[in-house]
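Several structures are given next for inspection.
Two complexes, one shared chain (chain A), two partners (chain B, chain C).
Moving on, here comes the complex of A and B:
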């Protein structure tokens, strides 16, 4: 094994060792804790279905981030766009529509994507037009979107039969149809696979995706090559927001069937981490998303055995992320040196 | 090698060799440099100059041979050790922190400390002492980002001297400088030598060698061919040694020209910040004609170039390309109309360093929206690209090679190859051979001439008057944002151009109609 592979392995084993250390602090042996974790993450069709269902929104949020990162803009407003999309889907979903029922879920999804796309494109446009840093605007936008949707769920769109700030249940016509009864696997899975396919196609098979990548490499060179950088940035932000909005729709129409404040939890930011980890590569991102979902579900199972709070899973995820990013930095530096010498 | 042979030299390499894979980059080089001399090293890109300097600066370890400083053998395993041994290097691309002030950059990593804090006063005193000795006035509180290239370079030099450098290596220091800045730098180098500092100057410009160097060493294919006192060689001999028997650049005869391709009429722009306003620029470029625009730096040449490429800040006037008004359209539409642009800054404007050659050649816009969804390769297969690289003699370049792995000359060939792949009617190009070795420069010139012979119009912006004189049918001089002179390429002398660049009236009635 060569030095770089050894180094890579070390960066993977380090957080695994830390996770093992953490699990062994519970009330059971490490092996029991680990087997409980693996069992509720992977073992059996139900566990697998739950993992896949949980991975869907993560992957969509990750793709949303990856599309913007590829073109060199940091859409950190994925969270806000997920919430706007979720609220739009919920609103269309619980309303009795003046159109045939078979259109209901589709229209709710489309509006969710449109809302997310508009919000993100606006951030991109502000960046291009006024040269305001999109990292700042998109983070601030999250507050606007999250608080605005919380307001809607608390006052005008509140479910009158409930105390807390939630919207009414979406009508059955607007819910994604279950693919496999008794699990959370719904037609939403098809949308996730479709989204992965579309992003793959755009990134690697079209001039648009190639041009996004060029913008990400160096915007000045791209402008001197005669490419419309402003339109490229805005379009990539629009797709990014649409994917985030779709993620929100999936949370509401596929999983929870109503909107409430805080519904997305850590999904949007986990998605951003996935994009960073996967270096914006869609398939790797999807794989890591599945792994993350399995792990998070597994931690819930392990909690029952070990009494270690499942939220410690987030701690381990962060350790893994830091380790992975450090490992990648190392290999990048090594590559850089080779290129220098050549 | 015995002790007496290394005597008198501040640094002496003995049979130094380095190999990268199959490539013998440096072959048994024994080079001595004395304290108090400016020692020029010339050679084509890939001749081994950079590798040799990297060994002296501890970046690369030699496979064989040894390095002696003041007669004692030393091991330089890192730049840190080289700096400790008294060696300083000013790179082609500066290594200053743009957000810090001049003083902070100078002392960075070698700060005098008092009570655990940086002693700014002592730092400034020492920096000032060095600067005054060299006669360089500096604004120590200015942010480096706000300074022009020439000043940044002086900061680099003072930074090196601040660390007690006794041997200063400069890698193509004038590549990015204007003629005036270059002249000042060369004067500075003489001053350093007078202060008993050994100076190694790597350059492609023979005129500089003749002007400033005491001795000159020629490298070819990794070997040190010869070292001469500069007084005893001619520029011509040096060229022959560098090229190894290849043909020299020829001046092109003036040819009659075709239809008007580009007509710029009364073009004016706003001045903002440091930018110069253009005042009613008129110019035409005909098919098959090469028109050069020359200027002393900062007389509106950048502004004119950007106005022609992007339409930046145009307030009045018109740009017509083949009788089509392109004054207010974006660059993409100009390119669709037949214009191509090769901008002056290879690393920030012309090329993606971190992308492959193939991806660089495939970068470009589309004419109709649905073309965004076509495959990105633009019909440029790997083999087509490989063929084009052979055609442009891009050495060491395969389609998948990262552009940053290429030498400056080969990068520029890739940039020109991409530009010409659009089958343009008009080429807008700035400083195509700046920082490029002689052989690559000739290839680039030849390609531009060939395209002009086939009917392409060329508008060449350059600071290199020799380049303008050897290529152009028509030479325009910009002075303070206006055209101060228009000359026929075959009837103009360096003196005429120089006078016009300084805003002086022409000495003889040599002005011709554009």
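Moving on, here comes the complex of A and C:
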């Protein structure tokens, strides 16, 4: 027990040391960098609100990945689905006459989820029907979706008053209402919490979620047990895509209020990292998402004060993840050895 | 027409190289979906080393070594069962994207891309005029960066190695039935590791070709999915090197066509989709031909 605890600690300290090493390569001292990082990540209500707002899309993308990973399909098309969702939300948001009340934002959100779900379900269906590896199809699909939405933003849906490839601003009725004025905290936050709740409920309280988990552990056994693996895979992909689409809607309706090519940045892949790191557990994923958002915001702040490139944040995150994976393996091995010895 | 062919050869080079690398890892049983990341890493390191030392040789070697090392780490992690192969490959890809983006900012102080007239390009191989004047082959020989011709040699070399040498037999055996290899007194782990190193180096050469031969610059995400296209080609060809060459040429031609279409005023986005669509269609065709393609 003690040995494995030490080992665990070592695997946590290793990336911290690496991160500190990376951070201290800049012209500024490590303490200065760290304090700038902490200040813009956590200090004060504004920084916290910005962190929570940034975490929303990350968590949704992470949940999207987790839902597919749990049932044993690798939806690496989260990026494409986020872009499709964002474009759908932007299109409904700016081009339709204002609907009364919540209807406009709701409709834009629904269409975003529907578009994402359809795209992901199609990948799942192709995977099931033709036995084509979904890793490659979903990544090819990413490029197609990103290019297609970029085309829409550059030509037919372009904002005529702007020269770059962006869509017009979404109408105020389609924007998520701010919960806390002066910050990016909007009703979108409620949607994120709702999404976490739904995924938790599905995973741990329903037969469907149980069957997904079974399918992820062993597809042949699931098929032998008489469960429709094809439908399970397609349905989990559909939910995965819907969550990714919701993430896109949140980016447009909650944060940026318009679509542009490259809008999602590294959000989709960070979400996939979160799902891997959290082992597809929704609550852990949400917690890690908050931590990641704080860290990324902190890095952006540190970049302004120090000479540290904010892209270093991504590298540090990946190092953490690699270390977490290795550490888990080491711990498991150590526990196994102890069990054998006993 | 000739220039279309010429650019097709030039564009199919990275796909063929990475495809050969992917083939090695595929046959050895450790399919590396991080080909894209390996290419990106080596493309960046090659440009950086080339720029600093003002020498294409240094750039080439640095790029090759980086990718070989990363390939070794991947296969080593696979041998030690450190995690799911797909997860390791995804990590490799994400790490490459973030590390090169960070490198651009940290080393050159730029975001997005780095180019400089001081980057020494790969030399083009000198070819006698009468050879360069030949139809079809001429455009392949004419004024191409070193890597294009090297790739042709490497493709033949890989085919010979895989099917005419003991090591090739080991690589093919280790993916099928490692115990047989062990019984023959060969360490399966060592063969897998070596395949990973060689596959990495091939992807490294692909990256070097992109950033020092095809263009003299590095930009974020400049591999643009070629690693995945190569992966699809490698899976489709399953060790048949001749088929891999044909597929790489088709993808190269598709890309060169897409560039041509952009120049003729069609919105760039649609021609750019061609290689990815071609990959998807190719995968679908595979299934019509053969059931059970599961990697």
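FYI, the second predicted complex is superposed on the first by the 326 of 342 C-alpha atoms of A that agree within 3 Å, B and C clash if a C-alpha of one lies under 4 Å from a C-alpha of the other, contacts with A are read in each partner's own complex, and residues count from 1 in each chain.
Everything below uses one rule, namely that a residue touches a chain if its C-beta (ideal position, glycine included) is under 8 Å from a C-beta of that chain, and two chains touch if they have at least 3 such contacts.
All figures in this text were calculated on a predicted structure; none of them were measured in a lab.
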| item | value |
| --- | --- |
| When chain B and chain C are modelled together on chain A, clash or fit | clash |
| Touched partner set for A:35, first chain B, second chain C, both or neither | neither |
| Which superposed partner A:139 touches (first chain B, second chain C, both, neither) | second |
| Which of chain B and chain C A:226 touches, first, second, both or neither | first |
| Touching partner for A:118 - first (chain B), second (chain C), both, neither | neither |
| Contacts of A:76 with chain B and chain C, given as first, second, both or neither | second |
| First, second, both or neither for A:326, with chain B first and chain C second | second |
| Chain B versus chain C as contact partner of A:309, first or second or both or neither | second |
| Per-residue touch tally on chain A - higher for chain B or for chain C | C |
| Selected from 99-107, 171-179, 369-377 or 423-431: the stretch of chain B that, after superposition, runs into chain C | 99-107 |
| Doubly contacted chain A residues - partners chain C and chain B | none |
| Contact footprint of chain C on chain A as seen in their complex | 25, 74, 76, 126, 130-133, 135-137, 139-141, 143-144, 147-148, 150-151, 154-155, 266, 269, 272-273, 276, 309-312, 314-315, 317-318, 321-322, 325-326, 329 |
| List of chain B residues in touch with chain A within their complex | 20, 60, 309-310, 330-332, 334-335, 341, 343, 348-355, 359, 362-366, 371-376, 378, 396, 402, 404-405 |
| Complex contacts: residues of chain C adjacent to chain A | 33, 81-83, 86-87, 90-91, 94-95, 97-99, 101-102, 104-106, 224-225, 228, 231-232, 235, 267, 269-270, 272-273, 276-277, 279-280, 283-284, 286-287, 291-295 |
| Residue ranges of chain A in contact with chain B within the complex | 205-211, 214, 217-218, 220-228, 339, 341-342 |
